[in-house]
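What follows are several structures.
Look for chain A in each of the two complexes below; its partner is chain B in the first and chain C in the second.
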Partner chain A sequence: MNADVVIIGAGVVGACCARACAEAGLSVIVVDRGAVASGTTGGGEGNILVSDKEPGPELDLALLSRDLWAQMAGALGDSFELDPKGGLVVAARSETYEHLLRFADEQRSCGVIAETVAAWDLAQLEPRISRDLVGGVFYPQDMQVQPMMAAAHLIEAARATGRATLMTDCTVTGIDRDAAGAISAVRTSQGSISTRHVVNAAGTWGGEIAALAGVELPILPRRGFILVTEPLPPVVHHKVYAADYVANVASDNAGLETSAVIEGTQAGTILIGASRERVGFDKTLDWGVVRRLSRQAIEVFPFLADVQLLRTYGGFRPYCPDHLPVIGPDPRVPGLLHACGHEGAGVGLAAATGHVIAQALTGAPLSIDLAPFAPERFEASHVG
Partner chain B sequence: MASDCDVAVIGAGAAGVAASVVAARSGCRVTLIDVGDRPGGQYYRGADLSPSPRAGVDYPALAGDLDRLVAAHAVDYRPRTTAYALERAGQRLLVRTRGDDRHRQDVDIIGAGTVILATGAFDRPLPFPGWTLPGVMTGGGAQSLVKGQHVLPGRRIVVAGTGPFLLAVAATLLEHGAEVAAVVEANDPVVGSVRQLRGLTSGLGKAGDLGRFIAALARHRVPYLRRHRIVEALGEDRVTGVRIARVDADWHPIPGTERVLECDAVSVGFGFVAQLDLAAQLGARMIRGADGGLAVEVDDDQATSVPGLLAAGETTGIGGVEAARVEGLVAGATAAVLSDHASALTPSALERVRRQVARWRRFAAGLHATFPVRDGWVDSVREDSLVCRCEEVPVSRVREAVALGARDARTVKLLSRAGMGWCQGRMCAAAVDGLCGFDDIASLQGASYRPVSVPVPLGALAAEPVEG
Partner chain C sequence: MSDEIRFTLDGEGMTARTGQSIAGALIAGGAMSWRRTRFDDRPRGVFCGIGACFDCLITVNGEANVRACLAQVREGDRVERQEGTGYGE
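And now, the complex of A and B:
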């Protein structure tokens, strides 16, 4: 077997890389030790958000990515429920609201559309929302996608070019390098693949793949649970979340943090997130998390008290110490590129990630400066 | 309010009743949780059973004992209560329960040193064109309609699928005045003699049950069509008939043998699926039961791989009511010992009961060998036949998920929504596995992991008592 590029990981990031590379004319093999979307992609809500990003390189990537998502959905005939529903961030206390308004001001200067919503206008956007909130900000650029379907259909689109192959239940056992240290092959449980390029899109497990290639990447799991309610007629129209969420996303606290993130799905269920804990890869449901998320969600939407919890699911966000993803060529190993460590924003940032990975592989000019995402930035000797 | 006990027994069928009685008579503080209005479970539901005044370990004697133990507050019996989760807290296990209405106050957390899972099983349906028509129901559904609510599902009923349970359902329907058009059995049990068939079937009930079923069928001249299967249910707004066909040993229909039976209701059942959610939540080791379905692994003491968690009855493999009862006795004795009490069962009595467990288990294995589910049922589904009724997922969407790269039941669920609805895949898991050819235990386990066993209002969860 051989290919121009082997992409490790059939999650949403690997899928976007596969499609972009195949469209760019490269021959691609996608390998995954499980099935499509069996890692963190299958454990998320499918957020494509600009609202929770502070000004900086991640916000620039997010803005590019949401436009690319919209294009892909158009090209693929909406096979993955892309919904440009918009996000509504709400505050329950005036200090939080003031902080939110300042944050929105800074975002606006970077190209984010953010509309201030006074307390009395919240009900126009969300008729069932609590009357006790002090106000909010509406972000019309926020979108939602069904992430498992997105990953599956993007890989399907890559395969449809005739240049991409998917190998599931295929575990990478080694990455070979030639005398010059450059990538020469990927060894897998289903045989060796000759290639000059590897894209590490293994998400939370990206550090393990990097280690196989002989380099270090500090990616660790940050657990999250999502509650899923019984299906209802459309009652929550946007992605609605409490302003504390932004602070939690950026926090370095290893303990449990929760903040209500509530949204409806096309299937009628309501998804309630989000929790963050650094507890390794323990999947056991924590009922303390369920209690806290239920309470916080009911504070925003009181009617939820009478709505039934049907199931929960969860996943492990891949986070790096500086909360930024690792994207681009690794100067330490010629031929190795990374596309992982997106924490809770993997779906949202996937489209732009795939886009720039294909650009880097084909030598095309990059749409975005990759320096802030450089893989070697964690090395003690690195001067950033 | 959070409460506490030595032994929490989940399920008050034959296994749970037996376990509760033994544990309580050994001096344990027992809490017995059950969804039903009164003890008895699926088998003894609505049975007009006068609790026996005499001692013993047959079900009537145990039911009488339970009544007395409940009256004496030795067993905290909680009917109309469902356990939605099981969690470890240090050396103890926590059972989270909810009542059967939506009052938020109804949630409780019961701490226990030992938990006995006796949660039984539910019907295993398989789809065929028309199976979602009103009037088509599972065997268990038909029985609970008749026994529980005294309502006949129809006037002229076809009972179909496989297994001796078909005979039990047919007999129940006949006893309550329905006409049974035919019993359509996809397998070919050897019925050389009634004795042989009785040997097979008594595993599901009291000795003599089968004789009663067969006599009822003979008296009403109900045809028992072996090696036949429904290939389609007919009707517009509700079922008006079924198309049946002769099938080969693998259940593939034999061309030219189709014919129509008129009816206004259909009862179908292809065996049972053990209710394993709570065991799966704690990561208990699973095995494949004699019927090929998932079961929780237990040792001779009915102990699972999870410390403090015991299991009895159908959860350890579909085996029928007598196996459930004797396993429950053993589990109760084990729970007593784990709670530092001398078991109420003497060593010799326990030894006798253990031998019965072994006998009923051998028996169940023979039964499952006679009534397996064969792959040929897949022949009759169409691309638009619904697999998952909750989410209205047709066969085509399940196959599309496989084409998109799904290689296990969980991924099929994520890509097709089959199993994401109200019943959490209880109705469709077997069908998805059959359609996709999934057969490995990891796939079965992935699909049967349900972090929340039954829906619970968010308001109740928000007000959950903090355990302590």
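And now, the complex of A and C:
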């Protein structure tokens, strides 16, 4: 077997990389030790958000990515429930609200559309929302997607070019380098693939793949649970979340952090997030998390007190010490590129990630400066 | 002690044994399906039987989406077949 590029990971990031590379004319093999979207992607909600990003390189990437998502959905005929529903961030205390309004001001200067919503206008956007909130900000650019379907359809679109192959239940056992240190092959449980390029899209397990290639990448898991309610007629119309979610995402606290994130899905269920804790790869359900998420969600939408939870699911958000993803060529190993470590924003940032990975592989001008996402930035000797 | 419990399915009289699940009583009474899915109007009844799959949802005394395989029948229960989400959208 051989290919211009082997993409490790059939999650949404790997799928976006595969489609972009195949469309750019490269031959592609996507390998995953499990099934499509069986790892980091399958444990998430499918958020495509600009609202929770502070000004900086991640927001620039998010703005590019949401436009690319909209284009992909158009090209693929609405096959993965892309819903430009908009996000509504709400505050329960005036101090939080003032902080939110300042945050929105900074975002506006970077191209984010953010509409201030007074307390008495919240019900126009969300009729069932609590009357005890002090105000909110509406972000019409926020979108939601069904992440498993998105990954599957994007890989299908890559295959439709005739240049991409998918190998599931295929574990990468080694990455070979030639005498000059450059990538020469990927060894897998289903045989060796000759290639000059590897894209590490292994999400939370990206550090293990980097280690196979002989380099260190400090990606660690941050566990998150999501609660799923019984299906309801449409009652929550936007992605609604409490303003302290942004602070939690950026936090370096190792303990449990929760903030209410509530949204409906096209299937009728309501998803309630979001928790974050650093407990390694332990997926055991924690009832304390379920209780806290439920209580916080009811504070935003009181009617949820009478709604049944059907199930929970969880996953691992891959985070780096500086909370930025790792995207682009690794100068330590010629031919190795990374596309991982997106923390809880991998679905949202996937489209732009695949886009720039394909540009980097084909030598095209990059749509975005990759320096802030450089894989070698964690090295002690690196001067940023 | 009386072993027989009376309840209704869509207003029609049914009987069950003490301790029997709603699903058990319905199957014993000849009903195999009591819910229609919300998208394709497909019939649903017991699938896993142990509370995991949420296929056997039914409306009991006005409360929608009760798992018939886990809920015990009580005397006088008004059990109703369920359409879609059970909230009459």
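One rule holds for everything that comes next: the second predicted complex is superposed on the first by the 384 of 384 C-alpha atoms of A that agree within 3 Å, B and C clash if a C-alpha of one lies under 4 Å from a C-alpha of the other, contacts with A are read in each partner's own complex, and residues count from 1 in each chain.
Rule of thumb we're sticking to: a residue touches a chain if its C-beta (ideal position, glycine included) is under 8 Å from a C-beta of that chain, and two chains touch if they have at least 3 such contacts.
As the structure is a computational prediction, the values presented were derived from the model and not from experiment.
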Exercise for the section: Evaluate whether chain B and chain C can sit on chain A together after superposition, giving fit or clash. Expected result: clash
Handout entry: Contacts of A:Leu310 with chain B and chain C, given as first, second, both or neither
Key = both
Handout entry: First (chain B), second (chain C), both or neither touched by A:Pro231
Key = both
Problem - Partner with the higher number of touched chain A residues, chain C or chain B - result: B
Handout entry: Contacts of A:Asp169 with chain B and chain C, given as first, second, both or neither
Key = first
Practice task
Superposing the two structures on chain A, identify the stretch of chain B from 23-31, 95-103, 293-301 or 419-427 that clashes with chain C.
Solution key: 419-427
Problem - Contact residues common to both interfaces of chain A (with chain B and with chain C) - result: 230-231, 308, 310-311
Exercise for the section: Under the touch definition given earlier, write down the residues of chain A that touch chain C in their complex. Expected result: 230-234, 268, 308, 310-311
Practice task
Can you check the complex and tell me which residues of chain C touch chain A?
Solution key: 38, 54, 57, 64-65, 84-87, 89
Exercise for the section: Would you mind writing out the residues of chain A in touch with chain B in their complex? Expected result: 10, 34-38, 42, 148-149, 152-153, 155-156, 166, 168-169, 227-231, 267, 269, 272, 284-285, 287, 290-291, 294-295, 297-298, 304-313
Problem - Residue ranges of chain B in contact with chain A within the complex - result: 85, 87, 96, 102, 104, 281, 283, 391, 401, 404-408, 410-411, 414-415, 417, 420-422, 424, 450-452, 455-459, 461-462, 464
